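In structure tokens below, several structures.
Shared between the two complexes below is chain A, which has chain B as its partner in the first and chain C in the second.
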Partner chain A sequence: MFHQPTTFEQALELRRALGTDATVINGGTDVVVAMNHGAIHPQCFLDVSRIRSLRKVERQNGHVVMGAGVTFSELGKMHFRALREASLSVGGPAIRNMGTIGGNIATASPAGDGCVALLAMNAEVQLASKARGDRWMPLVDYFIDYRKTALADDELIHAVRVPHNPRSRWYKIGKRGAVNISLVCCAISQNENKKTELAFGCVGPIPKITPKASALLAGEELTPELINDAANLVTHEVSPIDDQRGTATYRRAMCGTLTKRLLTQLMKDDAKGDADA
Partner chain B sequence: MIQHVKTTESNQALDAPIAPADHLVGKSCRRIDGKEKVTGTALYGADLFPNSAELFASVVRSEHAHANITAIDAKQALEVAGVLGVYTHADVGGTNIHGLIRRDHPALASKRVRYLGDAIAVVVAKTERAAKLGRDKVKVTYETLPVIATMEQAIAEGATKLYPEGNVMGDKRIRKGDVDRALANSHVVVSDTFFTQTVDHAFLDIEAGTGHWDGQTLTLYVAGQWVHEERRLIALALGLPVEQIRIIQPVTGGAFGGREDISIQIYLGVAALKHQGKTIALRYTRSESMRVRHKRHALKIQSTFGAKADGTLTAAKIVVHSDEGAYASTGIAVMRKAASHATGPYRVPNVEVDVYGVHTNNNPTGAMRGFGACQMAIAYEGMMDRIANALKLGRETVRKKNLITSGDTVTTGQRINPVSVGHCLTKAIQKFNDQPYPGSDSLPAHIKRGWGMSAICFGLGYGDGFPDCSRARVELADNGTATVYTGGVEVGQGLLNAMMQIAGEELGLPFESMRIVAADTELTDESGSSSATRQTYFTGNAVRMAASELREQVLDIAGIKLKVHPHEITLQQGWAFESAKPDNRVRIERICTEGLTRGYSLKASALFKPRTIEEVPGTGQSPRAFITYLFGAHVSQVLVNTETGEVKVERHIAAHDVGKAVNPQSVEGQIVGGVAQGLGMALMEEVTYKNGRIMNPGLTDYIIPTIKDLPPVEAIIVEHDDPGGPFGAHGVGEPPLIGAVPAILSAIYDATGKAPCELPMNPERTWRLINDVRENDTLSKVF
Partner chain C sequence: MPDPTPMEIPMTQVACTVNGETFTRDVPVDMPLLEFLRDVLGLTGTKGACLEGECGSCTVLVDGETINSCLMLAAQVNERNITTIEGLAAGSELDVIQDSFVATGAAQCGYCTPGLIMSARALLNDQPEISESDLLTAMEGNICRCTGYASIIEAVKRAHRESQSA
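Showing the complex of A and B:
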């Protein structure tokens, strides 16, 4: 069965009725790959790609709200630097035209570039169900364990929102220039109160934030010494593993290196009075 | 399959002026197969499925890297709806064994499996899905054996033996002069150990094809690299006489050596023979293709070079261990190539090389672009940079001082003439200097720029006394078209155009009048393999000789028509005319018609079989180990992020002496493609194993370069007439990859001050090299 609702309400009704019997699909850039690898054998699909309302990006009460169906190509045009650069580092143009932020959040891969950028930007995710309506939750609470999330069996991802003024930076280390899976990636953001958030990909079972380093940095002017201390903390907070893409040693070191590099960029921009978002 | 197209009579007006001479050799004639490939109408192996497949096959593979088979039970598989048969070794009529140099690889294993790609049974079903379901239901019982995962394990005392004679497959040696004495008397002695990685061919066109048995002939549409040899191997394994097998090559999307070993042919044959009258189809997934196919040999190369204070090389002592995997494949030839190319294009008076091939339970290793020569170039070029560094001499200086020049010998004792490697290096560096080198000054402190170079040689063809030969046939039709028949396979390299252009040049015909039939064992004669960079030279020579024979017939007939001596006639653009009086002329169509009525055959065939001389065992010396040598030189410029280890190639210049570029655009394509593949080998490509299991059998984690990784490649075509080649041409296929890898490593060395010795130089390896981080270093050391 291939269900293709055109409104979100219809989709929620189908989700209520079908639950996990139906595989939710939008661009298919994760689902189809998993099918090809024989990892899943869906008999029934709930295709949300025809729901126009999911493709909207709008400003609301100091936030930018992105529908779950916004593609990486669209996100690549946004003014949030970390999210924009992270989105443009996903796959190639064909994948970015199909892949969506909702899908990235649903898959919840520790290598999900979009999730890492959003985490650093204090994003919240909106989950919706027919029975209980909408609920917003911090994205950091949504990720529970490896590919395990707070999404209930009758819920769909509706939208994601970020405060609209954080300054942010992004860096991804991979093995090639495009269609590039992260070996490790890092996003940082800072708001006007100098609250700094850091997030990392591929360093644990879920996209990871580093609260101790954030606490150290909170409200402080960036200095080389402070940046060094934060980077050191980060290397102890992340928990990467050895796999065939890279070793834990390298990833751990890179988390520190990227922390240092991205915070230094912010510090230098401060000095220049550059208020780039 | 390439069939010639029926053509209409030339519509060229008989009174039109003769077009000026248009030499097809040296012209970038549009690729005859280009339009079909670009528009998507070309039929590759997998494209044959929708049209012709009636039944589908699937292959049961070993579940263990090393085990004895104790039982094969097909009962449950046969109960799957749609499954028609499950066939094992017991159903194979012949030897059930294949292998390119040694016949050692069971088509369907009966007693023992030696790697995870070993095939055990073929399932045939009404649908592909049923065939795969059936495959998963075949129950094989094993008695597992210890897995030999590395060369170290293979040669360790008391190691489990893959073969009764042990795990060392063979050895090759070079002995020249007195190495130990020369090293003792050297001003500087430099040593290092290089580790090259296992590489996959990663061609786009995954193994796929069809088989059909009509009771008389087994017809296989499967892409290989040497259809006539494949026919022999299949015939032996299946127990059929060769003449009952016909192989037709579908359009082929890349090979790079990866189609030299038998792939799906025997499975299709086993299935087809059991289902007479039905077309059986079989295709791999990317994952199966990578798990099953042979790979490039991973080499451990221990190099010691000595030099005088002025940089003159005195001696080289080299020990190589080569991971041969489970079966021999082309391993023996790869070992020989490694030995004979161990010191590359350098003059080294004292040389000692020992190459050992070691069996493991990894995938068999075999042919891949530049085999043996490519790995050794990484080591000898690495040594040149290290010597330059140790002596505080320029890298170009050390190379130029030692590069062979015309009349010098390479390490096998073969005298080479002409030698153009120094010229190639000069050309490449000149091109590099066309743009000012920006250095690192304007870069952030953690980004370093560097540039490096390589100079390489390559012995063309199989060499070493192997009876390497090519046949070709050329025929003229009464409509003035000429058709070339060759057994050579087009795998994307441009063979078809090259052969048509060579024949057209000889016959004075325009490209539009040329046709070709290739790679069909029924319609064409054997032309050897599309490998070893040999087709332009070998089949090109055979085509030229056949066309030349035909040219004599044409001139004789034209002489009758024009009433002049044949030596006074020019053939140009489909006309024959009196050289001194061009108005006295006749069209080729008229000549052909006239010739046929006069009993001329208008057909000619030729065999090109030059002699090479086997190397003396123990010393590796031979006056002509290879028929001719190719030379090239590269310059590469890189950016290295010293904090993360990321490397970006900014510029890459490749100069190659091809003798004569038959089709310059194709030559350039080969150079650019070789550089791309070399960049992949230098920086990212690596098959990783864990206990014999490939951990990255797919293009998600087997990383090949994208267009974003490749700088615009600056190709320089150098042409020094090869006296033995057709119109002076010799070839280009493999050298561009061989030159690319060491030039990139040389640039990384220049940028970082650290000499790479392990491949690929992915971010983590480069970072470890720069920061001297070892496997078990603590966090305080690494950050």
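Showing the complex of A and C:
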């Protein structure tokens, strides 16, 4: 069966009735790749790509709320720098026209660039079910283990929200200039109180934050010494593996390098009085 | 042990417009758009290669936006408007981008060419003014393994100039 609801209410009803018998699909850039590889053989689809309300981006109570169906092309126009640059680093234009932030969160790949940017920006994800309504949870709590998430079998991802004003930076190391799967990526954000959050991709089974480095940086003016200490801490907090894209040793070292690079950018912009957006 | 009997894939009806013509067909729910275009409609100009969104050879326009037809399901294009490479020329009159690919020698084996031309078409449709970086970004999802990219970029620039002066 091919179900193509036009409202989120209908989609939740279908999800309640079908559970995991129906494969949820939007842009297809993860689902259809898995089908083409023969990894999954779905015979029933719940296509959420026609639900207009999932494509909205709006400001609400000091947050920017993005519907689960917002594409990377649309995120590439946002003023949050880390999220914008992460989104523009995904695939090529065709992939960015198809792939959605909700799909990136649903797939929960450790290499999910959108997830890494959102984690650094203290994002929360909204999960919804017919039976229990909506619930917001910190994105950091949503990722449980390799491609295991807090999403229940009767739930759909509804939206994601980030605090309105963090300054943020992004950098991705990969093997090509475009259509580039992360070998390591890093996002950082800093709010008005100098609370700093760091997140990394491809350094463990799930997109990862580094709480010890964040605690060290909390409320502090950035200095070269402090940045060095944070970078050292980060290399102990991540747990990368060797795979076909790179080695654990390289990834660990690069986490330190990216931490230094991005925090140094923030420090220099502070000195110039530059702010994001 | 023989393979178990293949499961019957459920069918669904798709009604869509391809290159201005309306088609209604019953398709398996899991059929990629690429297969629908090539094997059901016989529009073999669109090519498949990597089937994982890395190469761009299957690029077509859906409601004017580029997408990779290997990663969209045929069932998802119900009531939508698709343009493939076959939809660009008017009779024997080539589209300006096709003409420019010929003029600059931007094709060798030609396998990637339909995808490249569709990506360029979307760029030229969208923006009257294009910078070098707009151009490189618009084409970044398409791989060519023969010619090198200089002649391809030159072809798109020529097409842009020609369409501006037309």
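Everything that follows uses one rule, which is that the second predicted complex is superposed on the first by the 276 of 277 C-alpha atoms of A that agree within 3 Å, B and C clash if a C-alpha of one lies under 4 Å from a C-alpha of the other, contacts with A are read in each partner's own complex, and residues count from 1 in each chain.
Operating definition for what follows: a residue touches a chain if its C-beta (ideal position, glycine included) is under 8 Å from a C-beta of that chain, and two chains touch if they have at least 3 such contacts.
Since the model is a prediction, treat every value here as computed from it, not as a measurement.
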{"item": "Which superposed partner A:249 touches (first chain B, second chain C, both, neither)", "value": "first"}
{"item": "Touched partner set for A:177, first chain B, second chain C, both or neither", "value": "both"}
{"item": "Touching partner for A:98 - first (chain B), second (chain C), both, neither", "value": "second"}
{"item": "Which superposed partner A:1 touches (first chain B, second chain C, both, neither)", "value": "second"}
{"item": "First, second, both or neither for A:272, with chain B first and chain C second", "value": "neither"}
{"item": "Touched partner set for A:232, first chain B, second chain C, both or neither", "value": "first"}
{"item": "Overlapping contact positions on chain A, where the chain C interface meets the chain B interface", "value": "33, 37, 92, 177-179"}
{"item": "Footprint of chain A on chain C - complex, ascending", "value": "7, 9-10, 12, 29-30, 32, 51-54, 56, 59, 65-68, 70-73, 75-76, 78, 119, 122, 137-138, 140-143"}
{"item": "Touching residues on chain B, where the partner in the complex is chain A", "value": "287, 446, 643-644, 646, 648, 683-684, 688, 690, 695-696, 698, 700-701, 703-709, 762-764, 767-768, 773, 777, 779, 782-783"}
{"item": "Chain B-touching residues of chain A, taken from the complex the two chains share", "value": "33, 37, 92, 173-179, 181, 183, 231-232, 235-236, 244-247, 249-250, 252-254, 256-258, 261"}
{"item": "Chain C-facing residues of chain A, complex", "value": "1-2, 4, 25, 27-29, 32-33, 35-37, 41-45, 47, 49, 73, 91-95, 97-98, 177-179"}
